[in-house]
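There are structures below to look over.
Look at the two complexes coming up: chain A is in both, with chain B in one and chain C in the other.
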Partner chain A sequence: MNRHTVTAFDTDLAALVRDLAGMAGWVERSVERAVDALMTGSADTAEAVIEDDERVDQSDRDIEAGAVLLIAKRQPMGDDLRVIVSTMRVSQDLERVGDLAKNIAKRALIIDGAFHQRKLARGVDNLANLVLSQLKRSLEAFVERDTAKAREVWAHDTEVDALYTSLFRELLTYMMEDPRNISACTHLLFCAKNLERIGDHATNIAERAVYAQTGELIADDRPKRDELGLQDVTARH
Partner chain B sequence: MNRHTVTAFDTDLAALVRDLAGMAGWVERSVERAVDALMTGSADTAEAVIEDDERVDQSDRDIEAGAVLLIAKRQPMGDDLRVIVSTMRVSQDLERVGDLAKNIAKRALIIDGAFHQRKLARGVDNLANLVLSQLKRSLEAFVERDTAKAREVWAHDTEVDALYTSLFRELLTYMMEDPRNISACTHLLFCAKNLERIGDHATNIAERAVYAQTGELIADDRPKRDELGLQDVTARH
Partner chain C sequence: MSSTTTVAEKVSTAADDAEKASAAAASEAQDVAPGGTTITDAPPETIKMRGKDVDVFYGEKQALFGVSLDIGDRQVTSLIGPSGCGKSTFLRCLNRMNDTIDIARMEGEITLGDQDIYDPTIDVVELRARVGMIFQKPNPFPKSIFENIAYGPRIHGLADTKADLEEIVVTSLQKAGLFDEVKDRLDAPGTGLSGGQQQRLCIARAIATSPEVLLMDEPCSALDPIATAKVEELIDELRENFTVVIVTHSMQQAARVSQRTAFFHLGILVEVGATDQIFTNPRDTRTRDYITGRFG
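What follows is the complex of A and B.
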C-alpha cells in the first residue's frame, strides 16, 4: 500500500469516526432529555425524545453502510479493519442506548404526575448523572483513542451498579409501604434498570476503545453487583 | 475474481454461518433452561445457564474474529460483504440474548420458592414458548436465507407484545392484592421484560435475514404494543 492510499484511508476513517461522534451527541442528548422529562413531567420533552430516536436509528444504519463502503473501497487489513469493525459495534451500542432513552421518555408520559416532584426523583437523577458521565467519557475514550480513560470508565461501572442497587431498594420500599405507589414505582424501576443498562453499554464502548487500539480484551473479572444481590430484601418480606 | 476464489470464499462463509448456528443452539438452550429454572426453582439448572454464558460470549468474539479474518483474506465486495457484516450483527444480538437468559437464571435463584409452582408460572411459560419459537425461526431464516420465513417472524412480534402486556397486567394485580408478593413479582416482571426483549432480538435477526439477502430494510411501521399502553391500569390504582 503506498503513502497516498494510506492517507485516503485515514481521511475516510476520520469521517466515519466523526459521524459516530455526532451520533453519540444525539444519543447523549436523548438520555439527558428523557431523564429531564421524567423529573419534570414535561410531555413535550418526552415526545421530542421519542421522535429523535428515528434519527439515531438512521445514524446507526448510515455508519454501518459507511463502514461497509470503506472496507470495500480501501480493503484495509489488521489494525485498520479492527477499528472499522469496532466503530460499527459502538454504533450498535449507541442505537440501543437510544432505545433505552426512548423507553424512559415513554414511561415519563405515563407515570402519575404526583411522583415527578418526589424525593425519589433525586435517586434517579443521581444515577442518570453518573451514567451520562460514563457514556460521554467512554465515547471520548473511543474517539480520542485514549485507552487510559477507557479503563477508568470500565472501573467505574461498579459505582453505577451500587447507585442502581440503592435506588432499587428504595423503590421496593415505597411499593411495600403503600400499594398505590406500585404502578408508578414499577415504571421507575424499569427507568432505573434502563439507566443501569446504559451504564453497561458505556462499559462495552470502553472495552471496545481498548480493543480497537490494542487488540486486547479487558478481562471481564469485574465484580457485578446489581440488585440481584438483594436476597435480604427478598427474604425479609 | 476467478471461479476458484469465489468457491473458497463460499466455503469460508459457510463455516462462519455454521459457527453462528452453533452459537444460536447454545443460546436457545440457555433461554429454555433459564425459564425451566424459573418454573421449577432448580438451582442447578440456573447455575448451569449462568456458567454457559461465558461460552456464548466467547462464541461472539470468535465469530467477530472469524468475520474480520474472512474480510481481510478474501476482500469481498457488495452482497458478500453485507452478509458477513450481518453475521456479526446477528452474533451480537445472540450475545445479548445470552445475557438476558443469564439474568432470568439469576432471578430464578432469588425468587421466593413459593412462587415457582403458582399459576402465574403459566403466563411466563406461554410467553417463553412463543419467544423461543420466534428466536429459532429467525435464526433458521437467517441461516437458510429464507426471507419469507423472516417476514413471518417479524409480523408475529405483535403476539409477543400482546402476551407480555397481559402478563404484566397480571403481575401488577398480584402486587396490588398483597404487598408480600411485591419482591417476587418484581423479579417476574423483569423476567417477562427480558423475554419480551429476546423477542425483539428475534425481530432484529429476522430484519437482518431480509437485509443480508436483499439489501432492503423492512419498514419499521410495526405497531409496538407493549405494557406502556397500559394507562388504564395506572389510572385505576
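What follows is the complex of A and C.
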C-alpha cells in the first residue's frame, strides 16, 4: 500500500500496531506462564503473572489513548479507520485475556497437592495448548493482515469448544471417583472455562483481523457446542 | 442563485472557469481511456437527474470521460476527488453553467426528470431556476438583503403581489436559517453580512425560485468552522425539499452531509456508492488511496 502524503500518519499508525504487538507478546507469555504455574505448582511463576497484569492493563490504556489521539488528529477514513478502531478492540480483548490468565494464576496458588493435580490437569494442558495456538495465530493474522489465517482461527474455535466440553466431563468423572478431588477439580474447571473464554477472545481478534482488512463483519453464527454439551452432561448426571 | 446570469455571477463564473479550465489543462486526463465506474450501491429509489456517457472538452483537452451518474431525488450527493478531476465540470453540466465557457463542449446526455436539458428547445434561464447553484465564494448582489432574494421570484413572475413577494423572501430566509439574524435589517446591503451569513443569503436566494435541484460548488471552503457547521446543518434540512449535489474538498464534509458519494479521478467517475460505505470500505484502490490521504 502507498504511503500517506502526511508521513507522520504512517509513523503514528505503525507505532500503534507495534504497541499492540508488544502487548500481545506480554499477554501470550502470561497465558503460557499461568498454565505452567498450574501444571508445576510454581508460586513464583503464578505471582509473576499476577504482577504482569498491571503492565497489560497499562498497555490497553496507552493503546486506547493513542488510537483516540490518531482519530482526533488525522480523521482517518477507509482501511486506516478500520485498523485503528480494530486495534482498540483487539487491545480490549487482550486486556480481558490478561485478566483470565491472572485468574488462572491465582487458582494455581490455591490448588494444593501438586503431585495429584498434575494427572488431573493434563486435559487442561491440552486445552491450553490449543487455545494458545489460536491466540497466537489470531494475533499474527491481525498484525500481518492475513485474512486466510484469521478465517482458519475463526473456524477452529469449535475444536476449543469440543475439547472444553470433553474436559468438563473428564473433571466431573474425577470428582465422582473421589470426593477429595472436588476442590482441585472445581478450580481446574474454572481454569478450563477461562481458557475457553480466551479462545473466544482469539476468535474476536480473528474477526477484527478480517474486518480491518476487508471491511467484512463476520456474523457470529458458530455452533455453540459447549452449551449443548453442558446440557447433555447435566441431564445425565 | 438567481436564474439569470447577473454581473456578479458572471465575474464569479469567469474566475471559476479560468481556474477550472487551467486545472483541466494541467491534468493528464487526455491520456486516460474511459473506465468502468464501480457502483457499490443500489440505484437511488427516485432518480432526479441522470447523466449518461458525459464527455466534456475544454478546447482540445478532454476533462470528462464517459461519466454516467444518477442523482437521487431529495438526497445529498457529494462529488469528491483531487483538483482537476472533473467533479466541478460535471456539476456545472447539470445546469449548463459550462455553456458560459466558449471553449467548453459537451457530449452525452443529461436529463432532469424526463427532460433532456441539452435539448435546443430548453430555456436555459428557466432551467437554472429549476437547478440553482451556490458557489464557493458567497456572491450576494450589491443590493439589500430583501432585494437579493426578491430579484429572482420577481423576474420569473412568481409573485403577483407585494405581499406574495414578501412572503417568499421571509420563507426563503427562514428555510436558509438566516431570518432571525437579519429580520430587523432587511434593507441593509447583503454585502454587509458576515461570510457565513452571505453564503446562507445566497442559498436563500437560490431557493426563492423554488428550484428542484441545488448545486453547490465547495460552498463552505471560504467559511470558518462555525459558519461551515451552520451551512452543513442547512444542507441536511434542505434535502427534505430539494435534491442537492455538492462538490467538496473536505472528505469529512462529504461524509457528514451526503447520502451518496461519487469519486472522480482524472476525468473518470471511478466509484459511486453509499457515503457510509465509500468512507469506511471503498472498493477501488484509487478511491481508497484518495480518502485515506495516500495520493500521489
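Everything that follows uses one rule, which is that the second predicted complex is superposed on the first by the 221 of 237 C-alpha atoms of A that agree within 3 Å, B and C clash if a C-alpha of one lies under 4 Å from a C-alpha of the other, contacts with A are read in each partner's own complex, and residues count from 1 in each chain.
Please note the rule applied: a contact is a pair of C-beta atoms (placed from the backbone, for glycine too) under 8 Å apart; a residue touches a chain by one contact, two chains touch by 3 or more.
Everything numeric in this text was worked out from a predicted model, so none of it was measured.
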{"item": "Which of chain B and chain C A:F142 touches, first, second, both or neither", "value": "neither"}
{"item": "Chain B versus chain C as contact partner of A:F9, first or second or both or neither", "value": "second"}
{"item": "Partner chain in contact with A:W154 - chain B first, chain C second, else both or neither", "value": "neither"}
{"item": "Which superposed partner A:M176 touches (first chain B, second chain C, both, neither)", "value": "first"}
{"item": "First (chain B), second (chain C), both or neither touched by A:G78", "value": "both"}
{"item": "Which partner reaches more residues of chain A (counting touched residues only), chain B or chain C", "value": "B"}
{"item": "Where chain A meets both chain C and chain B, residue numbers", "value": "75, 77-78, 81-82"}
{"item": "Of all residues in chain C, those that touch chain A in their complex", "value": "251-252, 255, 279-282, 287-289, 291-296"}
{"item": "Residue numbers on chain B that touch chain A, as the complex places them", "value": "57, 61, 64, 67-68, 71-72, 75, 77-78, 81-82, 85, 88-89, 92, 103, 106-107, 110-112, 172, 175-176, 179-180, 182-184, 186-187, 189-190, 193, 217, 220, 228, 230-231, 233-234, 237"}
{"item": "Complex interface listing, chain A residues touching chain C", "value": "1-6, 9, 74-82, 214-215"}
